[in-house]
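Presented sequentially are two complexes of chain A, the first with chain B as partner and the second with chain C.
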Partner chain A sequence: MRAIAGWLAAAVVLSAVAFFLSSYHNDVYRKLLLWVALALSYNFLFGISGQVAFSHFAFYGIGAYAVVIFLFQLGMPLPLAMLLAIAVCALIALAVAIPSTRLEGFYLALATLALAQLFIVVLNEGGTITGGTGGIVAYRLPAIFGVHISGPWYTAVIVMLVLATYAVLWRLDRSWFGRACRAVRDNPEAAAAMGVNVARTKVIAFTLTSVLAGIAGMVYAFVDNTVNPPIFGLENAFLLLFMVIIGGAGRHAGAVVGAVLLYLLPFVLSPLIGHHHALVFGVLMVAAILVQPRGLIGIYDALRHPRG
Partner chain B sequence: MIRPTGIINFAVGEWGMVGAFGGFLLLSKFEWPYPVGMVAILAFMLIVGWATERVAVRPLVEKGAPLLAPILALLGMLVVFRESISLAFGPDPHQVPEPLGFEHQKTWMIAVTLGVFAAAWLFFEKTLWGKSFEAVSLNRKAAALVGINLSRVTAVSFAGGAGVAGLAGLLIAPNTSAHYLMGVPLAIQGFTALVIGGVGRVEGALLGGLLVAFAEQLTVRYAPIPSGYAQGVPLLVLMLFLLVRPSGLLRARA
Partner chain C sequence: MRSAILEVKGLSKRFGGLTAVANLGFEVREGEILGLIGPNGAGKSTTFNLIAGAHAADGGQVAFRGVPILGLPPHEIAKRGLMRTFQHNRPFEGLTVLENVLVGGHTRFASSLWKVIAGADRLEEQQRRRQAERCVEFVGLGELRDAAVDRLSFGQGRLLEIARALAGEPKLLLLDEPAAGLTLAEAERIAAVIRGIAARGIAVLLIEHDMHFLLPLAHRVVVLNFGAKIAEGTPGEVRSHPAVMDAYLGHAAAV
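Showing the complex of A and B:
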């Protein structure tokens, strides 16, 4: 009961913020929330399951494009389009994950990198279906039960998405499945010896987190009401990885801290160094791996529980 | 681009980019004679590779960090390289001259590639140093036991890899012009060639490179698909190979 009250309070507070923000700051806030949702699910894939995949951001794009194409190019109703978009994400994720389980760290990274690049090529060359390099523009969220959700109310929808993502991952992490994922990450042989189906655990973790990314993408599609290839490029896939590593891989709080910090940092830095904040990210990333592999959240832990 | 260290280097494309920008700086701007510029770039790239290893790889290996850690650190270095270059040269593409004029550029590229291939093959197959690289790639512990200096092998392989990558960047720069975003596509092409040919074999890299180039050109010319999709063909081939035959066409000798 208390847990439910806590979730509700979080939902109300996080949504209420949106009603006090100007429309520009609302936009910033929405994208921040979406990055948090992505970082949370990527953290489960990379930090907890130990799979280095660059396809996570591509699935975000697949979700966004799929729902827009089903809705406006094929004229489907919203619930059907959403279900089909989720199905598309799940099918592509399964098609990649099942053969990929035979691949170790680096090869998985390459295969998913190729997938992400391939996705961009398909977007650029998709003709009228994907809108080519210009993408698809000038659509709007259809009415749900006769209501057009917009402004801060749509931000509330995104808050729901973040909390739902967190709730699912939190439950999973605490279940036998989360422990199985950690076991497979740390020592696949030992996990297999303990009766964990290594291949199946990897496939489920990959598919599930990819679908979560796809759902976040579906929600994103109606933030800017435009989808185009540059948004879903490789840059952001790297950024996502940096967020999770700098924040602290394997910890939900780390993912949130990393996402918030790296999303807001450019706003602080751009008056100082213009568009070269990526250089700062790169340096932070290398520093994090060299000095503090557990990320910012590791520093926080060390301060809270000093050794000796 | 051969890694006997087991550490696959995402920064390799950025090395190519640094080489290309070196070409722009020395050859276009300062107008050094081509051979001098080329040797200077090669020497500089050796230092860059060695420094990369020192900064991003050796501390982690010494700490006994998991194998993934240096790979991720190199990914961070990729961004550092790229942004430093864009900070120094700006985001616009730069021209790099051809040594023998436009019509001989292809011949020149083939000649240098064959030269590098021959040198690498001789090094890996015929010298004791090359043998020690192969030993390290097969079994690090056993190699260390017979007295091979692991960290020196790693350092040399990074320096050599950067040297070759820098030359490659210099070679293709006249065709593509030097641009700060050129690194990642370059790296993906290289990895594709490597995976198709077989990791850890010198002939494999050459064979893979040729196959990728042919596959791309043939689809542009003959396949009934728009030419833009042809960029996707090597990626598709890469994925298929990874999924079906990750060891590549030529297997590493046991």
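Showing the complex of A and C:
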């Protein structure tokens, strides 16, 4: 009961914020929330399951493009378009994960990098289906039960997405499945001896988190009401990796801290150093790896529970 | 005589030109502690890894509770109730002691992933947690339950290996040189834990090259040398067996 009250309070507070923001700040807030959702699911894949994949942001794009294509190019109703978009993400995730998890981790990195690149090529060369280099523009979220959700109300939808993503990942993490993922990450041979099906665990973790990224992409599609290839470029895949490592890989709170910090940092830095914030990210990244492998959340933990 | 829980027949394994295990046959009976013993390089660990599914055998049969298991992947073998420890401790470093032991109980969770996502696995999680706590306390690590595993000493790490395997509710426990590298006090401690496990009706297959540790502990002993069985019997019989004296005890006495 108290847990439900906590979730409700978080939903109300995080949504209420949107009603006090200007439309510009609402846009910033929405994108911040989407980055948090993505960082949470990427943390489960990279930090908890130990899979070095670069496809997470591509699945965000696949979800966004799929729902828009099903809705506006193929004229499907919204629930069907959403279900099919999820199915597309799941099928592509399975097609990548099943062959790559049989090989060593390095091959998963290569396969997912290839997928991310291939996705951009397909978008650019997709003709009228994907809209080519210009993408698909000027569409609008269909009415749900006669209501057009827009403005701060749509921000509330994104808040629901973030909280639902967090709830699913939190439950998975503290279950037999989350422990199996960590066990596979730490010592696959010992995990197998304890009865964990290593390949299956990796495939499920990859597919589940990729579908969560796809769902976030579906929600993103109606933030700018535009999808085009440059949005889903590889640099964002690396930004996600930076967020999770700098925040603290393997910890939900770390993912949230990393996403908030790295998303907002350019807004602070741009007046000072223009577009050179990538340089600052690079320095932060090197510092995190060399000095603080547990990330910012690790500093917090060390202050809270000093170990004798 | 009690019935066999594990039957090994004609087990063979070659590495290139080296025959590591040659036409080996023995059985482990319900509730007994069987010692598999031999000098270094006798093929003990290879035998162990063949039974546990970590290596593929070149020939032979292994039946666990009457069902052939040779060729099954390790996780399938664990699921059937045959759990193992590692000679060199292999904890899951990112998990606490209790979480490590919970992974040992992995195959005993019945909740589907959908139930987990719906939050409907809470009762089972509590029950498994209590069972894991009992395993942790049984080996005497109760006070370190919530500690990170890097806080454990080598000997405590060995106890964790055993607790983790016990959480899988095995019918047969495979222990790979559990006393190796331990102090005398720690080894005595492990011996008491192993006796306690057998007293619960769990059969134990114990691989060891330290006779002083094994002989007082085992109900029966199988002696290997160069991958083949050279003797089998009670600790008393094996101790005075001429082939064993020759291959092993003479060697050990010389050291």
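Convention: the second predicted complex is superposed on the first by the 308 of 308 C-alpha atoms of A that agree within 3 Å, B and C clash if a C-alpha of one lies under 4 Å from a C-alpha of the other, contacts with A are read in each partner's own complex, and residues count from 1 in each chain.
Everything that follows uses one rule, which is that a contact is a pair of C-beta atoms (placed from the backbone, for glycine too) under 8 Å apart; a residue touches a chain by one contact, two chains touch by 3 or more.
This structure is a prediction, so every number in the text was calculated from the model and none was measured.
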Which of chain B and chain C A:115 touches, first, second, both or neither: first
First (chain B), second (chain C), both or neither touched by A:225: neither
Chain C versus chain B, contacts on chain A by residue: B
Which of chain B and chain C A:150 touches, first, second, both or neither: neither
Touching partner for A:100 - first (chain B), second (chain C), both, neither: first
A:285 touches, of chain B and chain C: first, second, both or neither? first
Footprint overlap on chain A, comparing chain B with chain C: none
In the complex, chain B residues that touch chain A: 8, 55-56, 59-60, 65, 67-69, 71-73, 75-80, 82-84, 86-87, 184, 188, 191-192, 195, 226, 228-229, 231-232, 235-236, 238-239, 242-244, 246
Of all residues in chain A, those that touch chain B in their complex: 50, 52, 99-100, 102-103, 105-107, 109-111, 113-115, 117-118, 121-122, 124-125, 234, 238, 241-242, 245, 276, 278-279, 281-283, 285-286, 289-290, 293
Residue ranges of chain A in contact with chain C within the complex: 168, 171-172, 174-177, 179-180, 182-183, 185-187, 189-198, 204, 250
Residues of chain C that touch chain A when the two form their complex: 52, 54, 73-75, 78-79, 83-84, 86, 90-95, 99, 102-104, 106-107, 109, 111, 113, 116-117, 119, 121, 125, 128, 164-165, 168
